[in-house]
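Below is one structure, written out as structure tokens, with a few remarks after it.
Chain IDs A, B, C and D follow the sequence of writing; residue 1 opens each chain.
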Amino acid sequence: MQIGTDNARISLRNDYSEGAHPRLLQALAVASAETNRGYGMDTHSARAAALIRDRLGRDADVHFLAGGTQTNMVALAAFLRPHEAVIAPASGHIATHEAGAIEASGHKVLTVPTADGKLTPASVQSCVEGHHSEHMVKPRLVYISNTTEWGTVYRAAELQALGAFCRSRDLLLYVDGARLGSALTTPGNNVDLAILSKEADAFYIGGTKNGALLGEALVIVNAALRADFRHVIKQRGAMLAKGMVVGAQFEALFDDGLYFVLATHANVMAARLRDVLQQVGVPLAVDSPSNQLFPVLPDSVVERLQQHVEFEVWERRGDGTTVIRLMTSWATPQSAIDAFSAIFPALFQDGQAVMAASQAQGA
Amino acid sequence: MQIGTDNARISLRNDYSEGAHPRLLQALAVASAETNRGYGMDTHSARAAALIRDRLGRDADVHFLAGGTQTNMVALAAFLRPHEAVIAPASGHIATHEAGAIEASGHKVLTVPTADGKLTPASVQSCVEGHHSEHMVKPRLVYISNTTEWGTVYRAAELQALGAFCRSRDLLLYVDGARLGSALTTPGNNVDLAILSKEADAFYIGGTKNGALLGEALVIVNAALRADFRHVIKQRGAMLAKGMVVGAQFEALFDDGLYFVLATHANVMAARLRDVLQQVGVPLAVDSPSNQLFPVLPDSVVERLQQHVEFEVWERRGDGTTVIRLMTSWATPQSAIDAFSAIFPALFQDGQAVMAASQAQGA
Amino acid sequence: MQIGTDNARISLRNDYSEGAHPRLLQALAVASAETNRGYGMDTHSARAAALIRDRLGRDADVHFLAGGTQTNMVALAAFLRPHEAVIAPASGHIATHEAGAIEASGHKVLTVPTADGKLTPASVQSCVEGHHSEHMVKPRLVYISNTTEWGTVYRAAELQALGAFCRSRDLLLYVDGARLGSALTTPGNNVDLAILSKEADAFYIGGTKNGALLGEALVIVNAALRADFRHVIKQRGAMLAKGMVVGAQFEALFDDGLYFVLATHANVMAARLRDVLQQVGVPLAVDSPSNQLFPVLPDSVVERLQQHVEFEVWERRGDGTTVIRLMTSWATPQSAIDAFSAIFPALFQDGQAVMAASQAQGA
Amino acid sequence: MQIGTDNARISLRNDYSEGAHPRLLQALAVASAETNRGYGMDTHSARAAALIRDRLGRDADVHFLAGGTQTNMVALAAFLRPHEAVIAPASGHIATHEAGAIEASGHKVLTVPTADGKLTPASVQSCVEGHHSEHMVKPRLVYISNTTEWGTVYRAAELQALGAFCRSRDLLLYVDGARLGSALTTPGNNVDLAILSKEADAFYIGGTKNGALLGEALVIVNAALRADFRHVIKQRGAMLAKGMVVGAQFEALFDDGLYFVLATHANVMAARLRDVLQQVGVPLAVDSPSNQLFPVLPDSVVERLQQHVEFEVWERRGDGTTVIRLMTSWATPQSAIDAFSAIFPALFQDGQAVMAASQAQGA
């Protein structure tokens, strides 16, 4: 089966349907044939951590975990006292798609509505000020994603403003980097790991969605949050006996910048897809520069498109249109974009005609 | 670096220092090049589950998870109400080496002392009868390991007696199978997956310690325990986005019985090691037929042995002797046994002489 | 010091500033002089439970607990599996003023916006339908308050519609009755304990805010929710050694209907207060028939009123007006209403004049 | 019904069968007739806290809670990080009779066997040294009771040694004082609240078992443990709306030393009971100087005694003898001791004769 297609449909569903980049598989095969120390104390994990630290320009603890929900769950369980709460955008993964993992460790997730998935000092402040009493939870940690769940990206000035606000209010800033690679390689981005690590108390660098079989690198910058962290990893079932499985993959990703090459590829593929959409005038629900696109399509187009393309239905608007999510990955081939480009314009124009006729009839 | 050695020392430390069997790596490479559905809904996981079900002779849900502590944590969180407790042997992994993972999900682990790591109806009954009041936790689930943490193995009659007792007392029986492969392939063993699944409400088949990079197959036999289980997997951070990573490995392990071939190898290597020990009269703390051996050695022998062999110090007895753990794996080469055999007898006899002299002096 | 005033200010702050009705104190003194069985197994608790059951017309378990947050916490911990969530109005006590007690027991509280603090089948359905995937929590229990946090009351038809909807979707219906006495005695109310117990799986009858020193009676109607409940009470630190302290008070409240007499008094006092407000044309944020009133006042009036009256500031609207909460209780004397009536009209008219002048100036 | 008897049996079952001392009831009646601030911010709670602080000779936070299990649960939830564990004697209330309350907040309770219910630096050290790895929980808090569950009492030197050891190992020392009054008033005791507060990081002064309807005073000495504690009280359902209910009772207990008078009475009654037992040669399982006695009696004596006296059966030894617990309280009248004294000697001598005959027959 060719990468990028399933049952002959063009695969634009997500960025975790494909496996690992061949260089990561090769690194795994090599490490697998060695004898390594267990539980993440192996030389591959140590070297991968060192490679990441080199890019920060400051000291940090780096832990390798298996997935994003797990990383969020372990980190927040370790960082928070029982009555402390998280502030997250209403669209935040932690608030919507982690099956209550944060609540299962005892903490409330307070949500803030946003247009584009991003928090600002003002929106955080408003939430903090609404929680002033000992009969309420105490906001303690601000959770953001970069890229966000709407594919948007924080500018350096935005991150710095948020970081400064958090420090002024004794709030921790935590960044979910499931798609950090995509964020850091969008055109015009001015954030890098050094800037990020200056503002965030902790963040993770997502591997699962950028070329690895599995794995995220959690970076704990704030020294006050580091103590006994491995106890908590173990307690939450997140310590791999063969820790080199993630360590060796991150070593391959960060040895010579492959991580950024793969993320750039996903972004470039998405940009080409955006061109296809825009050439026929498809509106986007949110203007995202990364590997996620959210076109708004007539319902009838969505239905017909599903016969040719795999994607997620994001939001049925009830007005005859639907927001869908198209997503590219490190493994999306140019041929998938070409195939999409070959079918979409006609399909969309037919659908628009149908909708216009239907609306005329309804009027 | 050759499998089985690290820094030129003979590796008998554990069964997770080596990576995956080449056929599993190959299966992973193939699956990695495909487009697969995420979150364990892929065809490899489905086929691996079917292969396991075939061996049970009854219906069951099979879920693939990353590690043993995680599997125990997710299963018990899903199976128990808040006030319900687990009964485990005092040596049980869940009681000693999981950093309080079960307690972190709210449940007390009640422990029962044992000589050999095995529970019996009588020992369980005694614990149940000590917990009769609503001021106490309510014992609800009996946790055993096979092989146990002392390398011992349950006979079919023992499992059946325990299963019958549990059913008679409305207790669930759960089997930690981190080393189930080793248990099922020890000489003279009369338990198989069909028998096990008749007695246990749930159990897991360990992959991490028997040829996989990572992964355990949790088998839920009791239909009353199955509802919404995937919600709990997700909630505990245990759902891999690329579920095929474990699914494809288990497919390779169970396609034609590789799982049992690998476990048998580990047991055979351990048996040869036991011969070496017994030929020079080393006593064993527990008589285990599996891939874990617990020789009792003079302290001075232990010290000198560490220069040549990697192993775990299990228990310092304070009487001049120490129990160590020697462990083989699917990857232990015959050359490691030969190397051990070449150095151990002389080293042991010297050590005994030292101890005898020291004792004479002390007397 | 006279009941109803503190530092000479008129007390309209809440319904828990005053202690217990003298008949409850007398009952306590009598029970205190006896020897009683501990942990709620005393004859007073048994009789109080029987008196409550008599009013239901059906079987139920009745447990006596110390406070409302505790009762919600224990009940929901006992009723829900780990991944199950609560649906509550955004104004629900459980969602706002319990310091994350429900999350601390592992469960997410999903909130639904409302105008008047009440849930409807439609608003619940909308929340349920948004939670359809195993990556999300599973809505399982619908939490409502009667009276609500806005002082509003459910009609029988509303409760019945909600009950029927919950049963059709396998949802539990739970009613927080911290102020159930007030709800059941509002003018025109057509709900009684029999009707309530037909629709709700469990609910509690608040004593703390209606004449008791402390205490709530949790009624578990649904037989499937009753097993082992006292284990969970004990586990959450909610089992009083001298359970008769609550039992004897509820016995006094339900022996001859004192519970309803006290609640009626609070409602009557509130009605008189409403008359005073309406005679001078004060708008109410929500039209509540119970012992809580939410007048909207010019900020300057609020400030001056605080010199004479104790009350809660509910919401600063930022447009020169503020919503305050005036609350009566079983212990509010007619003299407090008279005193309010003597000062308020002049104070309000002055304030209005100030605001009008200020607005004219601003224009 | 007369205090001290139930159904005509002599009440020696426990120290919470009787209600509150009349002066506490009177204090409650007075406070009940006032208007008080809610949630423990009332003047009675403030004054009671000040009275307690006066006896410490140092600063501390004092919080009033409803019961012992609740106090332990709230305190330990607030004090510990998720992976941190408690060390307790195997007989500790927290380990046996709190229905897993500590585990329900996520923490493991490690137990140490003892002969008399008391921990020593050596026994704590042994437990700490067994928990050296990140695969294990991390011991962080040492829990002791004074009096212990065996009625024994810590000497000042014992407390000081334990406190010094804890400080040297970065362990917190927490004292469950459910029966602290009894401990501090045993003959020859050399510990007072000042000494206790010098060694313990936190402890509680039990009211429920010494004259109050309900209530414990938690004293947090260690400043590092005080932050946000009221948030955690609220979150665990432990904040009483009418906090004066406990505050006013503690005010009455500590205003002029009533607390110590009541505890002394219980101890004196127990001493007289001990005399009755010893005059006929009854052995005691543990030699306790406080209000709990543990005589060892022939089974037949126990059976006959139950017809006349209420008490707890503590341990059936299986050799024809049983340990029972006889307990006095602040409310035990001299008449109860007299009644016991009138029936016990004959009853015991008959029972011994029966046992001797039975043993002769068996031989």
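Side notes on the structure shown:
Rule of thumb we're sticking to: a residue touches a chain if its C-beta (ideal position, glycine included) is under 8 Å from a C-beta of that chain, and two chains touch if they have at least 3 such contacts.
What you see is a predicted model; the values in this text were computed from it and never measured.
Fewest steps needed to get from subunit B to subunit C, stepping only to touching chains, is 1. With centres defined by CA atoms alone, the chain at the far end from subunit C is B. In this assembly, the C-alpha centroid of subunit C lies 35 Å from the C-alpha centroid of subunit D. A separation of 53 Å divides the Cα centre of subunit A from that of subunit D.
Rounded to a whole number, the gap between the C-alpha centres of subunit A and subunit C is 42 angstrom.
Looking at subunit D, residues 82-83, 98-100, 104-106, 134-135, 137, 231-232, 234-235 sit in touch with two or more other chains. Of all residues in subunit C, only 1, 3-6, 11, 14, 16-20, 25, 28-29, 31-38, 66-74, 98-101, 104, 208-209, 213-214, 231-232, 234-242, 244-245 touch subunit D in the complex they form. Within the complex formed with subunit C, the residues of subunit B that make contact are 39, 77-78, 81-83, 105-106, 134-135, 137-138, 228, 230-232, 234-235.
Partner subunit B is touched in their complex by these residues of subunit D: 82-83, 85, 96-100, 103-109, 133-137.
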